[in-house]
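After the structure tokens below, expect a handful of questions from me.
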Amino acid sequence: MDFEIGRSKRARRAYAFDDIAVVPSRRTRNPEDVSTSWTIDAFTFDVPVLSAPMDSVSSPEIAIAIGRLGGLGVLDLEGLWTRYEDAEDKLAQVRELEGDQVTAAMQKLYSAPIRPELIQSRLAEVRAAGVPVAGALSPQRTQEHYRTVVEAGVDLFVIRGTTVSAEHVSRSREPLNLKEFIYELDVPVIVGGAATYMAALHLMRTGAAGVLVGFGGGAASTTRATLGIHAPMATAVGDVAGARRDYLDESGGRYVHVIADGGLGTAGDIVKAIAMGADAVMLGTALARATDVPGGGWHWGQEAHHSELPRGNRVWVGQVAPLEQILFGPSPVADGTANLVGALKRSMATTGYSDLKEFQRVEVVVAPYRV
Amino acid sequence: MDFEIGRSKRARRAYAFDDIAVVPSRRTRNPEDVSTSWTIDAFTFDVPVLSAPMDSVSSPEIAIAIGRLGGLGVLDLEGLWTRYEDAEDKLAQVRELEGDQVTAAMQKLYSAPIRPELIQSRLAEVRAAGVPVAGALSPQRTQEHYRTVVEAGVDLFVIRGTTVSAEHVSRSREPLNLKEFIYELDVPVIVGGAATYMAALHLMRTGAAGVLVGFGGGAASTTRATLGIHAPMATAVGDVAGARRDYLDESGGRYVHVIADGGLGTAGDIVKAIAMGADAVMLGTALARATDVPGGGWHWGQEAHHSELPRGNRVWVGQVAPLEQILFGPSPVADGTANLVGALKRSMATTGYSDLKEFQRVEVVVAPYRV
Amino acid sequence: MDFEIGRSKRARRAYAFDDIAVVPSRRTRNPEDVSTSWTIDAFTFDVPVLSAPMDSVSSPEIAIAIGRLGGLGVLDLEGLWTRYEDAEDKLAQVRELEGDQVTAAMQKLYSAPIRPELIQSRLAEVRAAGVPVAGALSPQRTQEHYRTVVEAGVDLFVIRGTTVSAEHVSRSREPLNLKEFIYELDVPVIVGGAATYMAALHLMRTGAAGVLVGFGGGAASTTRATLGIHAPMATAVGDVAGARRDYLDESGGRYVHVIADGGLGTAGDIVKAIAMGADAVMLGTALARATDVPGGGWHWGQEAHHSELPRGNRVWVGQVAPLEQILFGPSPVADGTANLVGALKRSMATTGYSDLKEFQRVEVVVAPYRV
Amino acid sequence: MDFEIGRSKRARRAYAFDDIAVVPSRRTRNPEDVSTSWTIDAFTFDVPVLSAPMDSVSSPEIAIAIGRLGGLGVLDLEGLWTRYEDAEDKLAQVRELEGDQVTAAMQKLYSAPIRPELIQSRLAEVRAAGVPVAGALSPQRTQEHYRTVVEAGVDLFVIRGTTVSAEHVSRSREPLNLKEFIYELDVPVIVGGAATYMAALHLMRTGAAGVLVGFGGGAASTTRATLGIHAPMATAVGDVAGARRDYLDESGGRYVHVIADGGLGTAGDIVKAIAMGADAVMLGTALARATDVPGGGWHWGQEAHHSELPRGNRVWVGQVAPLEQILFGPSPVADGTANLVGALKRSMATTGYSDLKEFQRVEVVVAPYRV
């Protein structure tokens, strides 16, 4: 069903997580009997949670902590940790920025060059802890740095940008050929954001193990006001899950994981992402509220310090509880920002489902929030 | 009519009370000629009102008062009154909690054990007043305490949880078999919350006399943010009323009462609940505004003190008038929070109906509130 | 097109004036060439404006002023002017009420008896000024006072209540038989509020000259929260205009006037009422903003002082300009609250129409306001 | 698909820019490879931007600056610059107005007569700078002043009013016959606002080179509250683009440019206007935020000082950056108010398009903003 916007253009309705809700079924279940485990390639995780490669969330130390808690920490290999030896100091500087200077100061801080030896040492630190290692590069910098990353040793390689396509056109320089790149690489690749069926299908055909669904940011992003581009997440996840299903058939059985990335601020949002077909979630804002992550209550992404066209802000998300409590409770608050995994389990139990794959079939309704 | 949310998922639109309104017909009637009486099992009530089993609303004293006013007071048998001899003191403590300590302090207060002798004495107090006696347990505690309750003597037995299903699955312990339980019990059972046609139909098949429609809370609940689950009430009541009609046919004439529970903050909401097919309403917030109930202007439910995953808050609802005026006026305010029964009668009269069963047929329109 | 609200209920979408907008056509016209004249029965008015019979708006003096400005002033024959000799003093008292006492004090003031001799003298005052005379009674009091009214001499008789039906049912006393009443009366009758096609059609069959479209109030009303009843005005006017068309056919040519009453706060709302098919508008809030009406910036209706179930408030609407400027400008403000007739003319001219009857055909779009 | 508003009226849904968003496709592109050039008649511009002929935006000096930056500055020939020799002083006066006096003071300032010699000297100043010259008159004043304008020499002649039709009806004086006027004129004419398919088609048949799409104002306008008229921009642009396509066929190949005018406050809005089919945009608010335009952070249009029926306000839009940065960055903010052209290029690149004409085909979705 599409709508006529004007005589020369028709459009589909696209839905945000806030536009929908999960509804109970006729069966209930005990939360203890519910599994949230997730397996991608050779790796099995107790919880379907990846940390977003953003400086406010993922330091080497936090990546290790998340690994130990059963998830996957993903390092941003273009952030402060690979630009500065003393990243901690620089993080403190970002946290303390005030008023009008924020954007300009961040633009300056992030203009320092990326140092290959820091990529190596940061990844080595995580590897030494015995947890799965994952690092993220943008498509623009993948060719320059991927060898360093692979040599340092990663278990999962993440290519993440605002919008990543399998077919990038450039007159000035040879663009990254994703298909060849992934084929030659030894490690599984997770790539995105993709927000539409067709974009995701093409990414799946490159051989990616997983596709990030999103348009480059959540709470801290202003993509819609600056670029006019917006891909409401419930529809985006549902469309990419549709591409997974069709590609499964087309490829004779290759299952590409769908990872929702962006707009996942509460446990309720995570529940809805999986209900719409996601296999796992990449969390920024939701983890930035931990008391022990680098942001210290602040959250920002790479869009916030773009030199010509910043498309995001450093936003205050507050501090709720330590990381472990954010994930597993007990929750000191009743607003869906802590005990994310406990809430997911209870939601699955309340609607009668016992694992994530089954839960992708739960019924949803259109029921917009009233603010 | 359903909508494509994404390629892999379709959904119905679900409506809240705020999304709809009752419209006049071609006939009007005198309010004095209207009856609001409601009969369930052997009991007839002047007003179709049950008090919610919540500590902010239903003390033994208030249950008696509501019974005398023509409704049904329902005691929470897992609240402060069955945990403490000096429940009044504990209620005062809850009312006086401040700021950050509220959730933690409530979790502590409600961790005291439930004492069978208090269940008995609280119910006996209500029985002694000569009004119908009703008490509520959660499904998890029904097996442990129901004998005490039945021996103490109740006229109506209420099993109430966030979501109650006829088919609960548990690996760790034998779940409550509702059908056998209700069959063996001598008193009529009201059970819920159920929010969908299928869940309600299965509950009706267990032999319940009434089904509570809701998802576990109203103004004080944050189920949507924490669990991603939401069942807008107008649609939920209409669906469960549909199950009542179909079960009436299937059972050869057994009429199971539909009781709207949650989201009924004003007289207008009560009107809409009955317009959507409810036989009666269970009121929390609306009664919590009485000057003589225990909450003292505060309102909270069992979700607010869950030990691992609180899904509600103690909220300030204010104090409007004594209970009798809240129900029967005269109303000192014009916002639909007092003279609830007078408003219901006038609404029925204005649209030309003379009893509740007829009024379930009144016409409604989709007309969202603008905030 | 209707929607399933739940399995047991379907509903139409109903639209408020704020949900729609008028769109230009391919023709434009000079505002000076536009006529707003309106003829009902033997009376022709320069502007299709009736003042609402509310104490904040229509005193005898203001009724005269509106008559001289080309509209029709309608006196409330159950307000302060027919209860008190010194109505001016009582109006001053209402204006000066503060805080919590407002509702109770108004209930007291309006409990004084209606005095027939004051009905006569107030109407005589208007008649003496040589303008058309109109007075309004509620259906409940019409039988008691209509003789007094007719003897005092009115040109148009208004029967106005929250909801008026042609078929009122009462066990306690013989209700007003509108059809007989109107048949026997010598003066044309305007009756309402009616908000649906069927209710309006039945009122038209009683012989009424005009039907008021509304549900008993605008900005000052809380009917929706108290009674759950709401009839969004764009749909209500459109439905009643549909009844006018069908009754015209059924009656072999009797044209019953459709008068929008309520929810007309700005010039834009008046434009939309006529676009939806209204022949004229009855204005409360819009005139209450005049500096020379009795409300003095306050506005209230009869619902505000109901003894058992007040369904409205005394609300502050502000003071914008003298009555003449409110109607004809020049406007000192740009928010649609002054120069109402100038704005109507310009709107008609901008869309290419030259009289009110034609303008009822103008195209509208669904385009909800964003607040 | 249209909706029944009431029994006597049906309506289409109309969409604002805020109701829609652009979605990525399967291809991406480098922003440097994207062209934003626009050609109308004999003139080619680097950027598809016209400044709105409003005193807060377009002085002769700014028209020159915009020309040098690759756009088209359009002078208001009925503003302060053609009424006063010392327009700078008068602009300062408007900027300094306070509180209640604003509307009245502006009405007074703008009541001074338009002086032909000032029309000539202002246009000459722009011509002398070697950039394309454009001036705007309202339809009411076109006959009186067009000779002066043509003699002064303009490259593009703009006729701009709230709503302009090809068929204006007047009893008092001979209206402007647009078709004859344009036929006889030597310079290309841009005319509007038109907001519907049919109105635009008729304007295209007059021989206009371009049609302005709008209803007479953006952020500073209150047309909807005062006149009840509203033409949401996404639908309006899409409808007029449909008229362009149909007229192209009807005329055997004459391409009339569609220029969105109004409601374009951010880069995202500009992106959406072109996505809906616009060839270029006329910017008011977006340029009024420049630190070097005359408004000094204030913005107002001709509706704000109408003598009888003001339909707009002088509004504070703030000051963001110098004009050049507003257009080309770098942007100091992340809210879409600066680097408008950079954002447009990036949006085109992100969705895989390389020129404006192609980008008119980009996919959009219905995805209302939540405020």
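Each chain carries a letter (A, B, C and D) given by its place in the written order, and its residues are counted from 1.
Note that contacts are C-beta pairs under 8 Å (C-beta built on N, C-alpha and C of every residue); 3 or more make two chains touch, one makes a residue touch a chain.
Fair warning: this is a prediction, and the values are worked out from it, not measured in the lab.
Path length between chain B and chain D in the chain contact graph, taken as the least number of steps between touching chains: 2.
Two copies of one chain, chain A and chain B, form a contact in which under half of the residue numbers belong to both partners.
Remark: rotation between chain C and chain D after Cα superposition is 90° (nearest 5).
Rounded to a whole number, the gap between the C-alpha centres of chain A and chain D is 40 angstrom.
One inter-chain figure worth recording: chain A and chain C are separated by 57 Å, centre to centre, where each centre is the mean of the chain's CA atoms. Multi-chain contact residues, meaning those touching two or more other chains, occur in chain C at positions 12-13, 15, 235, 369, 371. Contact topology of the protein chains: cyclic, one closed ring where each chain has exactly two touching partners. Working note: touching chain pairs come out as A-B, A-D, B-C, C-D.
Of all residues in chain D, those touching chain C in their complex are 3-9, 11-16, 18, 103-104, 162-172, 175, 194-196, 198-199, 201-202, 215, 222, 224-232, 235, 303-304, 307-313, 369, 371. By the touch criterion given at the top, residues 1, 12-13, 15, 20-30, 32-33, 197, 234-243, 245, 266-272, 275-277, 329-336, 339, 342-343, 346-347, 350-352, 354, 363-367, 369-371 of chain C touch chain D in their complex.
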